[in-house]
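We call the chains A, B and C, going by the order they appear; numbering starts again at 1 in every chain.
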Amino acid sequence: MRWWSRFGLWLSLAIVVGAALLPAISGSASTREAVFTVLVSVALASSLNMLLGYAGYVSFGHIVFFGLGGYIGFYAVSVLGWHLSAAVLAGAAASGLLALLLGMSILRLRGSYFALATIGINEAMKALATNLKAFGGSTGMEMHLRAYQPYGGAARALWITYWALCGVTVLAVVASFLVKRSRFGLALLTIREDEDAAAVLGVDATRAKTLAYVLSAVFPGAVGALYFFKSASIEPGGAFRLHFSIELLVMIMLGGQGTLLGPILGAVAYQKLRSALLTSAAFRDVQLVVAGVLLLAIVLFVPAGAVGWLRSRSRTLHRALE
Amino acid sequence: MILDVDQMTMRFGGLTAVKKVSFGLREGEILGLIGPNGAGKTTLFNGINGVYPVTSGSVTFRGGAIHGLPTWQIARLGLARTHQIVRPLAELTVRENVVAGACFGRERLGLRDAARVADEVLERVELASKADLPAGKLNLAQKKRLELARALASRPYLLLLDEVLAGLNPSEVSTMLETLREVRSRGVTLILIEHIMHAVMSLSDRVLVLHCGERIAEGTPEQVTRDPRVVEAYLGDPASIGRAAGEA
Amino acid sequence: MIARLLPSLVDGVLIGVIYGLAAMGLTLIFGVMNVINLSHGSMIAMGMFGVYALFTGAGLNPFVGVAAVAALGLVAGVLVYAVAVHRVRNAPHLSGLLATFAVNMILMGLGTRFLSTNFRNVDFSLGSFALGPVTVTGTRLAACGCAALVTGLLYGFLYRTRAGKEIRAVANDRAAAELVGIRSTRVLALSFGLGTSLAAVAGGLIATLFPFTVLSGGTYELKSFVIVVLGGLGNPLGALIGGVLLGLVEGAVPIFLEASWVPVIEFALFVLVLLVRPQGLLGARR
């Protein structure tokens, strides 16, 4: 019976690994690029879900960790000459540290105040990056193709980055699962339901929330470092795109917040929709409009998201779909 | 003395909700806390378990000062509490609610041990058949039992019960009273805020009466019911009510 | 340096009043229904384009066009409320945030599709005036005056009319207001419309001062967030004062640092206030 109780995890991993293997089978670079984009969203959405879905804290500016990790990682490789793996760890660590500092401050705020604060943090970071000459200021930084030499050239480097991203995504999903099933996860859920009642039960909410925030930040940090290494350039607007942050929320809501599978399915579905819209001549310019209508429909009519709705249908589904 | 409250005062801006209240509580006692609405009873609870700050005075629990500590720390020392308006963790199942109580309470159990304790407590409060339902779907009486179960699962030394009988019909009240007697027989000390007089008087060893934030009487149920100050402030004198009705 | 400071500060105060007007719209909606209207930016943009269209198309004096834009903003707001917000007015705040954000996405998508992202400019000049040692442009003075007038009208409405009283009642306690017979749905719709109307008016006034694009609304929306937090969420007077403060900051900072540091200071201030005094300088209504 034990494997059955982890069905949700196996299903989630199957989807992620299945997607990851597609480019390996076809050997095509364009498939790889498409899957890369999807996996970035999956990793980011799954991480944000740990804060949003489990603890109930809505962050609108979560992209700040992606951007920060990106900048630190980029700086490490292009300026300090570090190896990519060290740069990715540095990116993750920097984001984790920022989350730790923020955890001790803005996590005191509730609801809309917290949401606004996260927007403020993101915008402040963006503005800071625009002003720091060491990080390229408003034009950002660029990487020479020769930075890819130690990895066997640009083409190989792109594949290496891809596999690294697959690894990070799998880690994010597994971490999300482990948290949900752990005592720590239960603490987060009680905080989400009623933070004051949780304190009366003995939950140290500050510590739990901060830990959740740090966990939700390190994966975007690592992903950011990989993403911008691959892009060979980084600038403040692209690194701290508030809009991407909101799209993550759409993905989570679409799939089902608080579930393991939700962010994954939501990310896949959203990216598929987006690319379909971008390639269709009729809808290309209204991609934003369609996304907006979709989001509105979900919020108004199916707030539990696809997975949430399915789970409410039957006991079996409730247990099967994590 | 499991709990020693000394000259506790709680002030909120210009309003003093609790004024120099002192009392001691022996282990295994059941103390009833009564008084008119707005007397400061719930505020007193909030001061004891750290939800609101204590302006002056002290609260000592099992020999250690707890005033000024955060609520979660006080909970982990073995002081549990139920709320006047029930606060179930609605989206979680009944079992998960009680497991949470066991996980973060005095014994800090791991998930597996906590599940064991939870199932046992659910049996005791007769909610075992509802264990897999989302807590939000229970009726009021069941939610009250859930709140009690959650508190009991944390294995407290002292349990603060805030109007745990309110909204229950007479048979539900009897069942709850039985459960509370059983809880005390297992060694848990209880303080009970209640408005249902026959329940408080039959259950409590001692009764404390609050009025406008001050302690106006303390003693056995019989002593308190006969105390003229208590009658005037809260209980009402059946004889004088009869006379007034006659005059009308 | 001081010689440059004074004119900068005066300009800052003048535009600050307009910022304050926009922020008042946002804070009014929050105060009444606990929803942060994330379509605030689109409404500002709508105001900008409204005034522009009336000016270039019908030659209408922008300061008169602003009245038409106010009406447009009101109608738009009521529509947005009916379609997107009404259903989630009692749901957890994430729903309100996402619903209004979805509306924003739709409006911005339509805007970029049909209006492109080119810069527009309302080429209207009223000369300049000397106020003591300082010279200000006529348009800036007029825009500020207009904003002050609208603020006065708003206060008159809120405190002297029955509808205004109903709004304040619902803001105070919706359930209690319903109990005394106030039709809360109407009040909520009206409040939302009023909030967006203020945003549109502010947008129209800003259009007379600076060039803008379809995307400019977003920038001013962020400023509004900073202002409402500074002044206290739900507090209209706080929004006005917060707006003036922000205007002063925007005027003063470029004198001492590069202009690109203004957003850093603004957002650092924003986060600082949220941490140190989340109820804002004047105290939040919620």
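Keep in mind that, in the parts below, contacts are C-beta pairs under 8 Å (C-beta built on N, C-alpha and C of every residue); 3 or more make two chains touch, one makes a residue touch a chain.
All values reported here derive from a predicted model rather than from experimental measurement.
Chain pair with the highest count of contacting C-beta pairs: A-C. At the far end from subunit C, in terms of centres built from Cα atoms, lies B. Between subunit A and subunit B the centroid-to-centroid distance comes to 44 Å (mean Cα coordinates, whole Å). Chain centres here are Cα averages; for subunit B and subunit C they lie 49 Å apart.
We define each chain's centre as the mean of its Cα atoms; on that basis subunit A and subunit C are separated by 32 Å. Chain contacts: subunit B has no residue touching two or more partner chains.
Contact residues on subunit C toward subunit A in their complex (touch as defined above): 30, 34, 36, 84, 87-88, 91, 93-95, 97-99, 101-106, 108-110, 112-113, 222, 225-226, 229, 233, 258, 260-261, 263-264, 266-268, 270-271, 274-275, 278. If you check the complex, the residues on subunit B that touch subunit A are 49, 51, 70-73, 75-76, 80-81, 83, 87, 89-92, 96, 99-101, 103-106, 108, 110-111, 114, 150, 154. Per the touch definition, subunit A reaches subunit C in the complex via residues 58, 60, 105-106, 108-109, 111-113, 115-117, 119-121, 123-124, 126-128, 130-131, 138, 246, 249-250, 253, 285-293, 295-296, 299-300, 303. For subunit A in complex with subunit B, the residues that touch the partner chain are 182-183, 186-187, 189-190, 192-194, 196-205.
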